[in-house]
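The next block holds one structure in the form of structure tokens; read it before the comments.
Order as written gives the chain letters A, B, C and D; numbering starts at 1 within each chain.
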């Protein structure tokens, strides 16, 4: 794996381009084992779900902050204000001054509220946070997020918890083509290894996932699968794939196919 | 990678589920480096293209038969007779009594002639060969190949040299669902890492490729990418993926989607 | 075509479920002929592009307001204010108190600014307009548009002028499943007849297109093609399609496949 | 519909490019109504399933041979010999000297036996039949069928009775690009209107279907839908679709995308 360039977000380097969540696991031990198998260095933790006073067993007991970069997220927040409060709380208890902003706008689909996300990002960047917003493939809001100081843009591949894989490949390709200022990370929607590989092949800088690993029949093995898939997709992108043709002796290559 | 079951073909075990060809490389050194990076244990060599008398430099000088399992193939043959002769020649010069049968039926597309493939398979099995035929997703011929003793069935994912990825996922799924007697190997059509991962996720036992690696801008790196992708796809299959839903709170999972 | 239910928007009935634009044609005569061939009853006209004083030849000379329902649109507007002004202008000159709101947020891709679209919709509904906003597949904004009084929701199938067909079928299906208060109309992205048929099969109430017809080699014939495709897709939806199976004797149908 | 060129098979012209089967309907009256609604001129009837002596009610009582061109098919045959016998029987009882050859090679999937199909075609062409063979997307066998005198080549879009739509678009495109001697007709696999439109847009000369209409909730309405879809797809092909772009201002069009 010497052929992996580090992922750099806001000046910080990460060896792995797979970022994993810590929700939906059976227990802390399974969470820990899956995180290790994934090879992820950055791990998200929901501020609202960890036992922050740590008087009793907490998710944090299973995540070694010397080895892992903990990224608090605002899962469960439905307004900019809630997300801002959650971010501040994460910083106050010493978790991090980085935050993944997630503001849900629709309870049925967990689709993000991009406007509230933008507002929260703006406020928190001014307060010195390094903000990684979860958003959609909306290029207009992606640019606005960058304008207000987002350290990365993290569009969904499909709605949270669906496992459908990348649904709007054209939208993702447009983001990749037009956004070069900050890392682009597919966040949500990945269901299996090939989805993660495809995201990397499209040129995304990293992939963030939770349910695909946690709700697999064997989360540890799926975590290992995802580790390989992200490396494979990343290397394939770097390696420069062969041209596509309708058939081998066709005179002209086929261009512009999403996959 | 302790979680990889060995691939067993005709009683022989292979650690890697990636099989690679040796054509189209710049030179022998690049071939050797790509094969090593791929982690493949089984490697195909075209009987008609190797310098069999080995009085001068040969592809075989770069492939260590102690580490690699060389599988002669009949690339370049257009009739059953030519393929049979090539197989026999491969055995006579000590290459192997295994053979990948490839009989091309259409020069423009390199599409296989399944009828001639079946004939050659039948003859060679009777002569004691272990025969791995390259074929299409035609379930009728796949069953006939098994009936005459093929040691595996190797349908194309897309025509040779196109890099289009798996084109007829329904056909491949039908093969996987109805064929359990011998290993099923996707042979041809893979263009990038996610294609290989997808083939494994569909339940194929292995993937055979050549052009996708050899004609990448950086073949060595693409070989490494494919190694990861095959492992990732295989592990994801074993790990049991999460159910798909249209949205997270949808009451029923979505079934039967190819990918 | 007795089997077509009328499309009802804000209490007004339309016989055709195909809505067409009037931009990008060679001349007024071609526009007129294409509109007629399409069978469309509702036709969009860009307020900023028609010659409103009509002292010289105008697009409006070719569109008979007795036969056609002219829907002014705010094409070319980049802010809510511009769109609001354009809508008011369209009403003042007697065009209509209906308006298709289109606020572009990104010049490269012509992707809509959903926030500005929402603001313009809110203002114009209060002023008595019947507002049909062009938007994305964002379910959060779709619901907000309805909350402020939009008479329909018109998500893009793909970015304007791309002809890529429906790119985010999952997003469109979610909209269809969760939105029942107002008509849903695919607006932009259709490239050919099957795209339009598919939109109707997904349950959309109508399809709006311009480039696919105007920039076909033969716009008049493409208009006729689209007329048939929209009717075919609509009838197929109503007729209730056969269940899908992996193969005919498979014991269980396949559910949830987008197409 | 003045813009429809007639479909010409073996010198005979047909106004409609939709060919429909007559199996799986509730009764003769429904069959008749669906055929009429489809606008089809050529209609297939299974030789083995019609009551040929016509002493009692027969499917043929509902199909007016003055208006419809009856094409006997060999549905239910599993060998070349059975198919040949069925074809001869159809001619003997005065049905037709045309025949659609269908030889099933796999009972579970109803996948055709292309080798037996080729043999039956060869024999029957010599006996003066006009033979339309049902086959796969195998280009090698497609060319052999033409070589022995087939009047058309009719590849499956998906296995019979599955309704999955066109599964191997690359294979179908290759057929269309390389076969120009005889009409190409998609036979089997269509599930809904957009599938039929797509087949025509790919350049196929006609579409043959049965289950998609007969097993729709409302077969008559689905027949009408398919009539429109085939016309729409055909006209769209003729009209010359707009170029695809990733976004409107992208400098180069996207080529070679299947759909």
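What we mean here is this: a residue touches a chain if its C-beta (ideal position, glycine included) is under 8 Å from a C-beta of that chain, and two chains touch if they have at least 3 such contacts.
These numbers come from a predicted model, not from an experiment.
Taken together, chain B and chain D share the touching chains A, C. Compared with chain A, the chain whose C-alpha mean position is the greatest distance off is D.
Centre-to-centre spacing of chain A and chain B amounts to 34 Å, using the average Cα coordinate of each chain.
Note on chain placement: the centre of chain A and the centre of chain D lie 48 Å apart, centres being C-alpha means. In chain C, the residues that reach two or more other chains under the touch definition are 108-109, 159, 162, 164, 170, 174, 244, 246-247, 254.
Taken as a graph of touching chains, this assembly is complete, with every chain in contact with every other.
Those residues of chain B lying in contact with chain C across their complex are 170, 173-174, 177, 244, 246-247, 252-257. Put simply, chain C touches chain A in their complex at residues 105-106, 108-109, 111-115, 136-141, 143, 158-159, 162, 164, 167-171, 174, 178.
On the chain B side of its complex with chain A, the touching residues are 3, 107-110, 159-165, 191-198, 201, 211-212, 215-219, 221-222, 224-229, 231-236, 238-249, 254, 259.
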